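Both complexes shown next keep chain A, but they swap its partner, so chain B is in the first and chain C is in the second.
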Partner chain A sequence: MRSRTHEAVLPYILLLPAFLLLVGMLYPFCLGLYYSLTSYYLQYPHLFRFVGLGNYLALAKEPLFAYSLKFTLGYAAIGVIVQVGLGLGVALLLHSRIVGRGVLRAMMLMPLMMPPVITALMWKIMMASTKSGILNHLLSFLGLGPINWLGSVDSAMVSILIIDTWGNLPFVALILLGGLQSLPYEPYEAALVDGASGWNVFRFITLPLLKPFIVLAATFRVMDALRIFDVIYATTVGGPADATMNLHMRAFFFAFQWYQMGMGMAYAMVLLALVFLASYFLMGYWKRAAEQTTT
Partner chain B sequence: MATACAPTSLVRKWTGRLLVSLAVLLLVVWTAFPFFWILLTSLKQPLDVIAAPPKLVFEPTTDNYLAIFIGQKRGQYSSTRPDFPRFFLNSIVISCGAVALSFLAGVPASYALARHSFRFKEPIAFLFLSFRFAPFITFLIPLYILFQRVGLYNTYSGLILAYQLITLPFTIWMLRSFFMEIPLEVEEAAKIDGCSWWGILTKVILPLSLPGMAVTVILGFMFSWNAFNYPLMLAGRQTFPVTVGAIQFISYEQVLWGQMAAASLVSVLPQLILSLFVQKYIVRGLTMGAIK
Partner chain C sequence: MKTHSRWLAWVGLWFLALACLGPIGDAVAGEASGLAYYRQAKINWRQFEGQKLTIGLNKHPFTESLLPLISEFESLTGIKVEYLILPEQEYFSKLVVDLSQQRGEFTVIMTGPMRNWQYATPGWLAPLDDFLNDPKLTDKSWYKLEDFFPGLIAANRWNMKLGGGVGDGKLWSIPVLAESYILAYRKDIFDQHKIKVPTSMEEMAEAARLVKKHAGIDGVVARGIPAASTIATGFISGIKSYADGKWHESDEKLNSAFHDPRSVKFTQLWVDMVRESGPANWANMTWYDAMESFATGQAGMIADADFFAATYEDPKKSKVAGKVGYALVPPGPGGVTYSALWTWALGMSKATKNKEAAWLFIQWATSPRTLLNATVEFRNYNPSRASVMNNAQVQKVMGDWGSGGYVKTVQENLKTARVGWVPNPERTRLGDIWARALHEIYFKRATSEEALKKASAEMDKVLVEVGLKK
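== the complex of A and B ==
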């Protein structure tokens, strides 16, 4: 009897230290949620008062809100398509019999473990707008450029996407490579017997079987793309002319440039809701895809 | 028919090979070139950095490295950021502290989540996981206000606590996935032999998952090393890690490109070395144990 109650309590005791830290994380979160309902100017504490949904209403009227929302969603959508598409290509390449596959695979890990800020700074050097930038120099051989990569409204988002893709393409590629290596042989043997073409094998066997892996990689990429901050902060800081202003950057500006903590938190909560919705749908989609392929 | 087919299939084969080789070459250049260019930039004099067209051949200098490590005054290009060694040390202290705390709290928690059944088990596990996906700003704003109030702003302990948002969910999910790989029979055999839960944990589970724990610690350290957002606002000049330190080379008046390149390379050195040891587990770590 004694040992049974012991058994029942044990997991909670084991969880206690982590639980204390969890409370330490939830407390600031709840505090932040409350701040989003207040007018909180860090420099003018006497103006602090509860305003209900006032910040959210004010935010909805802000012209930059619509833009940053659009940018956040658009960036995530374009980013995930580009990165999963290219990642699939790289995975297929690494899966085929090529010389030095192991070396290539190890090399792909290097960008993956770089701090995103440092990645951004490296590319910032290469993307120098003048003719001293190496990318512009290389383009000049093709008779193109010079491009004002990070400095112009038209190319800033693409430049950020390039940097982000350099850092995260290996992530997608390695997940899909793992997927390719785990696929069963039987369907391929059957296809060989039937004399199916290479494209048909890819389209009707590889792609459906790989679906759970593709969805998982896409899920992680969408969540990270919605929240992208480091790369933008280190390169354009939301500029030029707010062209790369996403919700995350906007929240940061409100809180730490203008010290309007309430508005900053309201923006943060909108972003959180977006991430939550995306994760809810994508995770469900992933589960269904995983079940489909196993049955 | 066969004779007509042979040359075309040969041509096809060779164009296929050529395309694959080209793709491989492109991939290698795409991946390696930024490293090569940053190394070159870090060895350049300020005037060589901004030379147009960019110089491939130049007189290399170690000035940038000397500047970031010793802060030597060298004419107008003197380093205005002589505290890079300090940033490096800060990164080590904060990352080690964050990983140690997460590990101590995470081992028992992930063992409970892997092996025991109790109410709200999955919701608790997913609550931890959700921190992996929450935008950092939702925590950063209240933490900034709180830390200033209670004196944790610009302290190692404050940063180590804030980093738990990164390392604790990771540690718990990663260790859980390793613990779950240990066959239940091993544990049951130990139970029959009269081992208490403590005996099972220390004499069976922990020794068997030693490699997994090593991987978790190393990856946790690397993820903390990469952290940028939290220290950006919660640290001050005395506690900046290398990630925040590296952007200090950009100031209103000028960008010290060469020094920034040198600092960037030095600050990713631990990452590049450590990733050699955990190669096989990086994807597993990045997906919180979802992919093995």
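== the complex of A and C ==
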């Protein structure tokens, strides 16, 4: 009898840490959601009242909302294609028998060890538009440039993407390299016997088998790219002329520069919804891809 | 002979002993005289013994200077001090959260004129006058409030009227350092190419053009990130001077006036100058980037914080040490420069339970001796007290800058310098909107007039929304 109650209670006890973690995450989320439905200004406590969807309706009239939404989505789309594409290339390279593979694999991890803000500041210095900017200095040997990397409306987004890619490519490459190493030998042996070309092996064996890993890496990258903040904050602060203004920067400005929590949280909730939707669909896709490759 | 040498040995030993003990003796005397200095004040420092204070501090040279001395305050008063140091951005966010909930977690805070408008309006700050005037808490003849530069104390007074009233009403905080804004220029380049030190905005643009043409470096460098800090120094000093101190970003009813013709004209001149002769990545320039660019010899002029001179003139950090001249920001037709002003200052949260103990801390931290130490040992420039400014050691360091031109320029500047902004709790928002307008003009998305008109409308909307304006 006693052991039976023990058995009944045990799962709950084991789940307790997870439950506490859930509460720890849900509480700020619910509070944020609630604030997004209020006119909460830190500086003017007397203005606090419940406004329903007022903040969300105000977003529609906010001059920078549509723009920052478009930027956020566009950046995530381009970012994930570039980063997963390049990451796949790097993973294939490090999977092949090249000289110094071990050293290269270890070196590849270095950007992951750097805090994103430090990465961004380092790149900001390298991307200086003046002669001291090392990138422009290098380009000058090729007879190119100088490029006004972060300082012009046209190239700021690409520059942010370069910095972001440098910092996160290793993560994508690591997942895909792990995937490549776990692929079964048999299909490759069969292809070898059939005399399939290298491209066909990649196109019809590697790529389909690797799909779950690609989708997994893409999911993480989409989520991160949607809510990119540190790189932008440390380099352009959303400028020049709002060229790199995304939803996260906007939420930050409202909540922590202007202490307008209601609007700030409304921005944050829209961002959260995007991240949730994107990861929901991508995880579903991942599950299907994983089932396909295992059956 | 034998006795003679023994005698000599004794004398030698004595000297050795004295030499060894000397430094220890000095140190002991130093500490005792340190406390003794504070004990000269005719107040009972120990009247709040056993109480506890939490101090919120921003990462800053003044903070660095304070930390090693806090134990001295604790042994002087028996008050226990805990502190939290955060980088500026995080500090201000955390501070507003603490103040707005009136938790009183931070008792003594680092603030300043523009911040006081933000915190005093909702009633989060405790005014300091009552503590200053209470003979039980303050020995006025020892503390010497009159030793502070009057303009700096005035900057921290405000009568709570939006749109005006600086220098009037309650004292909200006590300044620990001051910055005003001056023009630093490359004297070597100006002399070599016979470029005139500018005395008007038009001349400044011309000088920038000439430096770029002759020396092949950026003629001028300025802050440019799309945030209030871009406005707060050289730009606001320039625009207020250009209009002879008669134009302000808003009137006493907080109606925005960015689109006033004087503002439109100056902004056009400034942005054209920066676009034509400034760094290509102006739009990303923080204060640090701008200062660094000038210090590494990549620009001919910079109108920014006066105390950046400490960096320009430090050969370890700068390639232009000894080559810099200092002048006032160009005045308008009236011939007078109206530089803006900022002071970091210590204030008190109203939610503080141990207000008297907190005051003792503020009094101790802003006393002549503590502030002198901050400047001499930790390069806390510029001093807010005349006695610190006139200290021989301080004068020796600053007196060399710009072959004496620095001290003269700063003293001249402080005669007319005043808080640059119109009192408005939404100052940060206003500055952000203003800076974004500069970006629109710089990138030719809009004319100066259009962009500033839009900025006025946007700011007015914000003020109506929060009920500060009808």
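The rule is short, and it goes like this: the second predicted complex is superposed on the first by the 284 of 295 C-alpha atoms of A that agree within 3 Å, B and C clash if a C-alpha of one lies under 4 Å from a C-alpha of the other, contacts with A are read in each partner's own complex, and residues count from 1 in each chain.
Rule of thumb we're sticking to: a residue touches a chain if its C-beta (ideal position, glycine included) is under 8 Å from a C-beta of that chain, and two chains touch if they have at least 3 such contacts.
Being a predicted model, the structure only gives us computed values, none of them experimental.
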Simultaneous placement of chain C and chain B on chain A, clash or fit: clash
Touched partner set for A:Tyr35, first chain B, second chain C, both or neither: first
Touched partner set for A:Tyr75, first chain B, second chain C, both or neither: neither
Contact breadth on chain A, by residue count: chain C or chain B: B
Which of chain B and chain C A:Val237 touches, first, second, both or neither: second
Partner chain(s) touched by A:Leu22 [first = chain B, second = chain C, both, neither]: first
Which superposed partner A:Phe256 touches (first chain B, second chain C, both, neither): both
Partner chain in contact with A:Leu150 - chain B first, chain C second, else both or neither: second
Chain B versus chain C as contact partner of A:Thr130, first or second or both or neither: both
Touching partner for A:Phe65 - first (chain B), second (chain C), both, neither: neither
Intersection of chain A interface sets (partners chain B, chain C): 42, 128, 130-132, 256
Footprint of chain A on chain C - complex, ascending: 89, 93, 96-97, 100, 118, 121-122, 218, 225-227, 279-284, 293, 296, 298, 425-426, 428-429, 432, 436, 439-440, 442-443, 445, 458, 466-467
Interfacial residue positions of chain A with respect to chain C in the complex: 41-45, 47, 63, 124, 127-132, 146, 148-153, 235-242, 253, 256-259
Chain B to chain A touching residues, read off their complex: 20, 23-24, 27-28, 30-32, 34-35, 37-38, 41, 49-54, 101, 104-106, 108-109, 111-113, 116, 118, 121, 124, 127-128, 131, 133-146, 161, 164-165, 168, 172, 197, 222, 225-229, 232-233, 242-244, 246-247, 257, 260-261, 264, 267-268, 271-272, 274-276, 279, 282-283, 286-287, 290-291
Touching residues (chain side chain A, partner chain B) in the complex: 8, 10-22, 24-25, 28-29, 31-32, 35, 42, 89-90, 93, 96, 98, 100, 104, 106-119, 121-123, 125-126, 128, 130-134, 137, 140, 166, 170-171, 174-175, 178, 213, 216, 220, 223, 226-227, 229-230, 233-234, 248, 251-252, 255-256, 261, 264-265, 267-269, 271-272, 275-276, 279
